[in-house]
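Next come two complexes, and both contain chain A; in the first it sits with chain B, in the second with chain C.
The block that comes next holds the complex of A and B.
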C-alpha cells in the first residue's frame, strides 16, 4: 500500500507547487478534449435528432450502427486517423500528424457516435411526447428535430459530458496520432502511460488522481451551470 | 430566442478560441527515435542545448527502432535516431535515408533476479543465455521489433537456443516497450535484456539487478539518418541536417558525454569526425 500513500503525497506536492509543465499538460488535455467534444456535439447532435424523428430507409441500420460505434476502440481510431494524416496518406499534404489538431480529429471521431446515440435517445423520448403537438403546428421533421434539440438541451448536456469523459480518458488514439511529444502533444493520459513505462508508478498514479480530480471538477461545474440555467431559463 | 442566440455565439466563440490557440507556428523538426533515448532522459538534456544554439525545436516521437524507421518510411519524420545497424542499413539501401552517421553507444545488460537462480551471472552473454534456457528460468522479451529485440534475437541465435520451443513456457514475448517489459519482468522475477540507459533511469526495480554486463558483444551503437528528401519532398532537409551536424560535432558529443544519472554516464559519444 506504500504506492498509494506515495502517490497521494506526490499528487499533493505537484498541486501545491503548481508545476508549470503539469499545468501545460492539463491545459492541453482540456483543450483537445473540450474542442473534440464540441465538434462531436455540432456533428453528432443533429445526426442523433434526425435519427430520432426522421423516416427514411436505412434508419434502423444507422441507429444500430451509431449504438455499436459507441464501442469504437480508441487504438483503432488512432490507427485510422494516423494512416489518413500520415505524409504517405490521403491527407498527408496538410502535415497535421503529431499535432494537437490531429488529436482533436481522432477524439472527435471517437466521441461523435456517443453523442449521436445518446442524443437520439433523448430526442426520441421527447418525440413520442410532443409528436402530435408539433404536427398540429405544421412543423416539418427537420424543424421538429431542431425544436426538440433545443427543448432537450439540459438533458443533452449529459450526452456531451459522456462524450467528454470518453475523450479525456482515452490514451490509445492520442498516443498514436499525437506521438506523445514533450511540450507539443503530451497530455495527461500519455504522460501517465509514459511514467508507468519508466517504472515511476507513484508519479503515474499521482497524475491519475489529478486527472480524475480535473474530470470531477468539470462535471461539478457543468452540473452547477445546468442547475442555474434551468432555474433561470428552464 | 435571445438566449438561444447567446448560446450559439458562445459555442462559436469557443471554436474560434480553439482555432486561434493552435495558430502559433514555430520552427521545428520531427525526429523519430527510440524509447531508450527518450525515457533515459538523454533528449531532455540534449535537445534544449541544441534548441538554444540553433533556434530550432526538436519534436521527438519515441518508438521502438523498427516502428521509428517505418514512421520515417511513411515520411512522418525528418531525422531518425535509432540503434539497429542492420535495419538502418536496409533503410538506406531502400533509398529512404540519405546517409547513416554513428553518434554514440551504450551497452545492453541482462537484468534478472538478484539471487540469480539460473546462475547466469558473469561477463559472457551467450553462456548466460544458455544457462537461462537450461534452467527454463522465466525470460521476458520485448517482441516489438525494436533495436533491443533485434539484438536479443541475435544473441539467442548465437547461443544456439531454439526459441520456438521455448515460447509460451519460460520465454515470454510481451510485444511492449522497454519500460513496460521491465515492469513485467519485475513482477514476474524474470530475466530480460535491457539497454543500460533505460535500466539506470527505471524506478520500479523490485527484486531485479544486473546479471550479465561487460561483454564486448553487448555493445549497442546508435546512428542518425536524414530522411531522403528525394523520397519525401517535404522533409526539412536544412534544419534536419543542422541537427545531425550538431549532434556528431564537438558540442553535441560533449553534451552526450555530460549526461549522467547518479554519477554514471549513460551514453558514450563515438562519432567519426
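The block that comes next holds the complex of A and C.
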C-alpha cells in the first residue's frame, strides 16, 4: 500500500514542478492527435456530408462501411500504416516510419471514419429539414452539402471531439508506427503502457491524470461552445 | 386570359395511393388560390408544379419558361443572420457579392425587417422568419411565386402582414399560386379558386363566384364546414 501512496505522491510532484520529460510527452501527444484530428476533419467531414445528401451508386455500401470502420482496431491500423511506410513498402522512400508524422498518419486513418460517420448523421438530419428549401433555391447537391456542413458547424464540433478523444486515448497504432522512442515518438499512452510494465508507476500515473484531465477539459469546452452557439444562433 | 401553365393529365401515385389523380388544369389568372380539405393533394400539386416532386404520369406545359420560387409553411432559416439568409438565395442565382448585399437589404426593407437584418434568423419569431423567407424569394424577383400555406402556423397579426407582402409581390407582376386554410385570405388574395378534392380538380372558378355559388357539392360542403 505504501508503494501505491508513494506513486501518487511522486506523480503529484512531477505535475507540480511540470517536469520537462513529462511536458515533452504531453506536448507530443497533443500535437500528434490534434493534427491527426484536423486532417480527419478536412477529409472526413466532406465525405460524411456527401454520403448524407449525395445520390450515387454504392452510397449505402459506403455508409455501412464507414459506420463499421468506426470500430477499427488501432493495432490493425498501426499494422497497415507500418506496412505502407516500412522501407520495403509503397511509401517507404519517404522514411517516415518511427516519426511523429507516421503517428499522425496512423491516427488520421483511425479517426477519419469516425468523423465521416458522425458527420453523415448530423448532415442527414439537417437534410430532411432543409432539403425542399435548398432544392427550391436551386442549390446543387454538393452546394447543399457545403451549406449543411457550415450550418451544422456546432453539432459537428462533437464529431471532431469524438475523433480527438479516440486519437489521444489510443495506444496500439502509435506504438507500432512510432516505436515509442524516448524523446522522439513517446506519447502519453505509450509511456503509460511502457512505464507500467517496467514498474515505474509515478510517471504512468501522472500521465494518466493528465490524459483524463485533457479529455474532460476538451469535453467541457465543447459543451460550453455548443450552449453558447445555441443561444447565439438558435 | 391565356394560360401560362397547362397541366395535362398529371398523376402522382405513392405506395399504391393516387395522391394526384389525373389532373388537367389551365392556369391563367395572375393570383390563383388552391383550396380543398386536408389531404386533398394541394401541397403535392404545388410541389409537382415547382418540380420538387416528379409526376408518375402526365405533363406540365409551360407557355414560356417561368422563373419560380417557393415559400413553405415552416420557413427554413440557416444558422446565420436574417440578411445572410436572403443573400444566400441570391448567391445561388449567381449574383455578384455587392449586388447580393444591395438587393437583400432592399428586400428586407420591403418586408419591414431592415432593423433585424443583423439578427440571427433562427431567433426571430415565426412571423418574422416567414417574412425573411418572403424577402428571400422577393429578392429573386420570380415570375411565379408558389406558397404552401404560408400563414398556417402564424398568429393573426403576422398572418395579415404576410398577406400584405404577398399582395405587394403580386402587384409587382409576379404570378401567385398558393394554398391556404384561411378562407378570408383566399377571398382577399385570389382572382381564381381551384378547388381540389381527393386528388382531383373539383372546380376552377373566379373567386366571387366560388364563394357565392360554388358549382360542386364538394365545394359547397367545404365552404359550409369552414364558414359555419
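A few comments on the model shown:
Going forward, the second predicted complex is superposed on the first by the 208 of 234 C-alpha atoms of A that agree within 3 Å, B and C clash if a C-alpha of one lies under 4 Å from a C-alpha of the other, contacts with A are read in each partner's own complex, and residues count from 1 in each chain.
Note that in this section contacts are C-beta pairs under 8 Å (C-beta built on N, C-alpha and C of every residue); 3 or more make two chains touch, one makes a residue touch a chain.
Model, not experiment: these values are computed from the prediction.
In the superposition on chain A, A:38 makes contact with chain B only, not with chain C. Of the two partner chains placed by the overlay, only chain C lies in contact with A:132; chain B stays clear of it.
Look at A:233: by the touch rule set out above, it reaches both chain B and chain C. Contact comparison for chain A: of chain B and chain C, B touches the greater number of residues.
Look at A:192: by the touch rule set out above, it reaches neither chain B nor chain C. Using the contact criterion defined above for the overlaid structures, shared-chain residue A:156 touches neither chain B nor chain C, since it reaches no partner.
By the touch criterion defined above, A:86 reaches chain B but does not reach chain C. Common to the chain B-facing and chain C-facing surfaces of chain A are residues 153, 233. Touching chain B in their complex are the following residues of chain A: 31, 34-35, 38, 42, 86-89, 92, 95, 97-101, 104, 150, 153, 179-182, 184, 194, 196-201, 233. Of all the residues in chain C, the ones that touch chain A in their complex are 47, 50, 52, 69-70, 72, 76-80, 88-89, 92-93, 120-123, 136.
Residues 129-130, 132-139, 143, 147, 151, 153-154, 232-234 of chain A are the ones that touch chain C when the two sit in their complex.
For chain B in complex with chain A, the touching residues are 3-4, 7, 11, 14-15, 18, 21-22, 30, 35, 39, 43-44, 59-62, 73-76, 177-180, 182-183, 186, 201-205, 232, 234.
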